[in-house]
């Protein structure tokens, strides 16, 4: 019974070190700067390339468990789209999405006003609309390609689709100029790639948690199945960098970097220990076998 | 009043955060309580959103405002109710009809869509002339994409014994897979750490006000 | 298999040779091809110096209204959501600031619905081939034809692990994933369990199978019982060795961790669907010094299994091992059908790369489909 | 009959969608739209079903005074509260049965549903998943051991990527001359992600797509019927 107890103590020390590695850089930022990568630049480029007034979809396909990674992306993309004068339509494949969208819209407006008291107001219904949550993933997106109104008879306030001026030029998904899905899993970005891009040729870009990011890279290809990808907190920090402000993601990169080093150190120690143990075992075996 | 409630809200959030973290020490009543509260809130959340974002706009309000024009919607409503009968073991067989409709529809759609974007388009995306690039890095990289994809697919080919010459592409395939799993590993570590950053940031900033 | 692929390539070659070339026009208005008849395709290639444009459509009274004004010297616009079978007129006004004048182009077209989407020809051909192959193999297997698939390396190392457990006189632990019975990964895991149970009955090694769902529990009990019967040791089967822990994800993990620490199994098998809990399980197992074998179709969990287990079945290998053991015609036939698809990919990509190198771009285009 | 009729339903709906995938003209788009609308509504009911089953199980646990029933009771109470708040006053911009509840919003700062969402749901959900950071740290120390050439390859890549995605990376390898710039950590990470990683992930995608085609085909043709439940 001695073995597990020692390991429990070891475990708690590891936990404590991790808390310190994350908490200290939050309290005392190192002022580290991040560097942008081509994948994030492509997303930025897509938003940047379109003129004022075009309707676009930002889809909130995540829940609060991944807000640290995806909420800063949502805020950055909304700010960029608003600055370009795009009409933002929020949709959600996850039920928690509409709520995350509302929080993001509110925070972006507040931040823009904090920076510049005379910043433009972005009224609901004129500059953005929230169409709420629909289940069904790719089936539902395919429905949007036939008729947006059939899928979203009303927005979240209960206003009829036809009565919303912003949605006048949008009859089907094909009238949307780009879709950016912020996606924590299934349903999410993959469904948008397959349906919005694969079936209806609408440009799709995305932001995902770092966990799923490597799996989306095959879609970034000559056919532009995917226009760039923001992966995890780093991706969000890069987008903030491109927009020229330091948000929660950029600040988060400080503890992130320190914690990575700590994990690498853990792996190193673990391997040294295992190597020593193996050596000792071999010696003991040799001694035994004489 | 509203300010007081905001402060109270932050303390509530901090309480739940710490209750969950307490599991790291060991399983305890705080964790069990927080866990079940989460289950309850989550279930209610799903219900409220299903009612307000799906059933009302897409079904009930259409039926209420224009019943005769939306008569056809009675069919999915009936199918939906049949679905609910799954709760009663004796009537479970009735739910097979709506289930079959859903499964048939989504199977056909995902078959067409994933075959196009994950098979056909991926195939086309691998048909690249590596020598059209000017930089050596791109040429080497593109060759790696072609070789890696083909060998990776061959690794999952089960109709041939992997002996002799056939062992080579399979080995290369597994190396590529391992590199990719390494990347995935690194990214996952990153994601998990990020989640912790968010929570500690909340505790240190919003709750304890240690940072401005 | 090979000759049919060769035939396909020839067919594609024939397509490429008949591919039509379109001549350049300054402004063209035509029915958007291969659609449901609700859109018109407008293309233009303006002279150098043009710097803004204005595309307009005539309404029923003949009055033109703006529909598009994003400048591109060479561009296209698809006007969608129109009525089928109607004539529509368009006007493109291109301004040239330097010269201070503007040119007006006019064109019209009638919308038309088509019976087949030619852009999807490659999709249809390949889909029919793959589906045909799958069905062919499933029905061959059902008729009792012997289908060859190779033995997965993991199976040998599993047998070895059981041997080690027997030597040490310690039990083996098998976790059939944390998904319910509806998941094919769970089914595959149970097939492999039947093999392991057979071996453990033979060697007389104790087997522990914790389950997360009651459906999985009853299926697992059935599997193990049958395997013991097949090994000729029905009396050695104990129902308590296959048991329910809890539905709760992390609660289940905590339960299994406890078992590992108490019973100290010499070999652990984690096969089936696993999520974030994968590394908690393998970490504890590693701590107890067990030989660990894992396998899952969950791509995000494979890296953790690879670094903390002695052997890992990667993705489809799990299903292949299951098909190899069970010889179930459905599984076997599907797997062979998928193999046909893989061979197809390998050959087409090789050919495609060569075609790209010699500059025959139509081959790749054919698979991309138009848009 | 009870078993075969649903299989026919699945077959017909599947075949209509498949054929409609290639024939762009009427009536296929219309049938497809109708099926999709129905699909969404039935999904709504399916969600109700899922939550109701969960609830029923927890009610039974409390009624039977099963071990830990107090916690399940707490869960049920929070369920009841959240549900009542949502139904009565709605959430965010959505009105409930009693409208927008302006009086309560003035007192609380937000709607009661949103208050619970922000101060209970978000911290619970986010913290639950942040526990994984600790598990990964402890596994890194105790179980991520290099054994074979393959796991070596995996670990080396992981180390490069983990370093390459930190903000230290540009500083660490900034000294590498420009001709060899691809050896710098951020560039090397990008290279790994863009080429070898893409290749392997593409191989996985292709194999998985074949798997989906096989499974869907078997479902539509009624060869695979386990989804209907109740064994073979």
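In this document, chain identifiers A, B, C and D correspond to the written order of the chains, with residue numbering beginning at 1 in each.
One rule holds for everything that comes next: contacts are C-beta pairs under 8 Å (C-beta built on N, C-alpha and C of every residue); 3 or more make two chains touch, one makes a residue touch a chain.
Only a predicted model underlies this, so the values are computations on that prediction, with no experimental measurement involved.
Peer 1: What are the mutual neighbours of chain B and chain C in this structure?
Peer 2: A, D
Peer 1: Name whichever of A-B and A-C has more C-beta pairs touching across its two chains.
Peer 2: A-B
Peer 1: How far is the middle of chain A from the middle of chain C, if each middle is the mean of its Cα atoms, in Å?
Peer 2: Centre-to-centre distance between chain A and chain C: 23 Å.
Peer 1: So, what's the distance in Å between the C-alpha centres of chain D and chain A?
Peer 2: 14
Peer 1: Report, in whole Å, the distance between the mean C-alpha point of chain B and the mean C-alpha point of chain D.
Peer 2: Here chain B and chain D have centroids separated by 2 Å.
Peer 1: Give me the residue numbers in chain A that touch at least two other chains, ranges are fine.
Peer 2: 7, 15, 18, 22, 65-68, 98, 132, 134-136, 139, 142, 151, 156, 158, 211, 214-215, 218, 223, 232, 234, 256, 259-260, 263
Peer 1: Among the residues of chain B, which are close enough to touch at least two other chains?
Peer 2: In chain B, 24, 35, 45-46, 50, 52-54, 58, 105-106, 109-112, 114-116, 118-119, 121-126, 128, 146, 149-150, 153, 156, 177-178, 180-185, 187-190, 193, 195-196, 198-199 touch at least two other chains.
Peer 1: If I count partner chains per residue in chain C, which residues reach a count of at least 2?
Peer 2: 123, 127, 130, 287, 299-300, 303-304, 306-307, 315-316, 341-342, 345, 368 - these are the residues of chain C that touch more than one other chain.
Peer 1: Draw the chains as dots and join the ones that touch; what shape do you get: line, ring, star, complete or other?
Peer 2: complete
Peer 1: In their shared complex, at which residues does chain A touch chain D?
Peer 2: Residue positions touching the partner: 7, 10-11, 14-15, 17-18, 22, 30, 32-35, 37-39, 63-68, 98-99, 102-103, 124, 130, 132, 134-136, 139-140, 142-143, 146-147, 150-151, 156-158, 214-215, 217-218, 220, 232, 234, 253-254, 256-257, 259-264, 266-267, 269-271, 274.
Peer 1: Which residues, counting only chain B, touch chain D once they are in their complex?
Peer 2: My answer: residues 1-3, 5-6, 9-10, 12-14, 16-17, 20-21, 23-24, 29, 32-48, 50-55, 58-59, 72-73, 75-77, 79-81, 83-84, 86-87, 92-93, 96-112, 114-115, 118-119, 122-123, 125-126, 137, 140-142, 144-153, 155-156, 173-190, 192-193, 195-196, 198-199, 202.
Peer 1: Which residues, counting only chain A, touch chain C once they are in their complex?
Peer 2: 3-4, 7, 51, 171-172, 174-175, 201, 211-212, 215, 223
Peer 1: Which residues of chain A touch chain B once you look at their complex with the stated criterion?
Peer 2: 12, 15, 18-19, 22-23, 26-27, 65-69, 95-96, 98, 132-136, 138-139, 142, 151-154, 156, 158, 193-195, 197-199, 209-211, 213-215, 218-219, 221-223, 225, 231-234, 248, 252, 255-256, 259-260, 263
Peer 1: Give every residue of chain B touching chain A within the complex, in rising order.
Peer 2: 24-25, 45-46, 49-50, 52-54, 57-58, 61-62, 105-106, 109-110, 113-114, 116-118, 121-122, 124-125, 128, 180, 183-184, 187-191, 193-201, 204-205, 210-211
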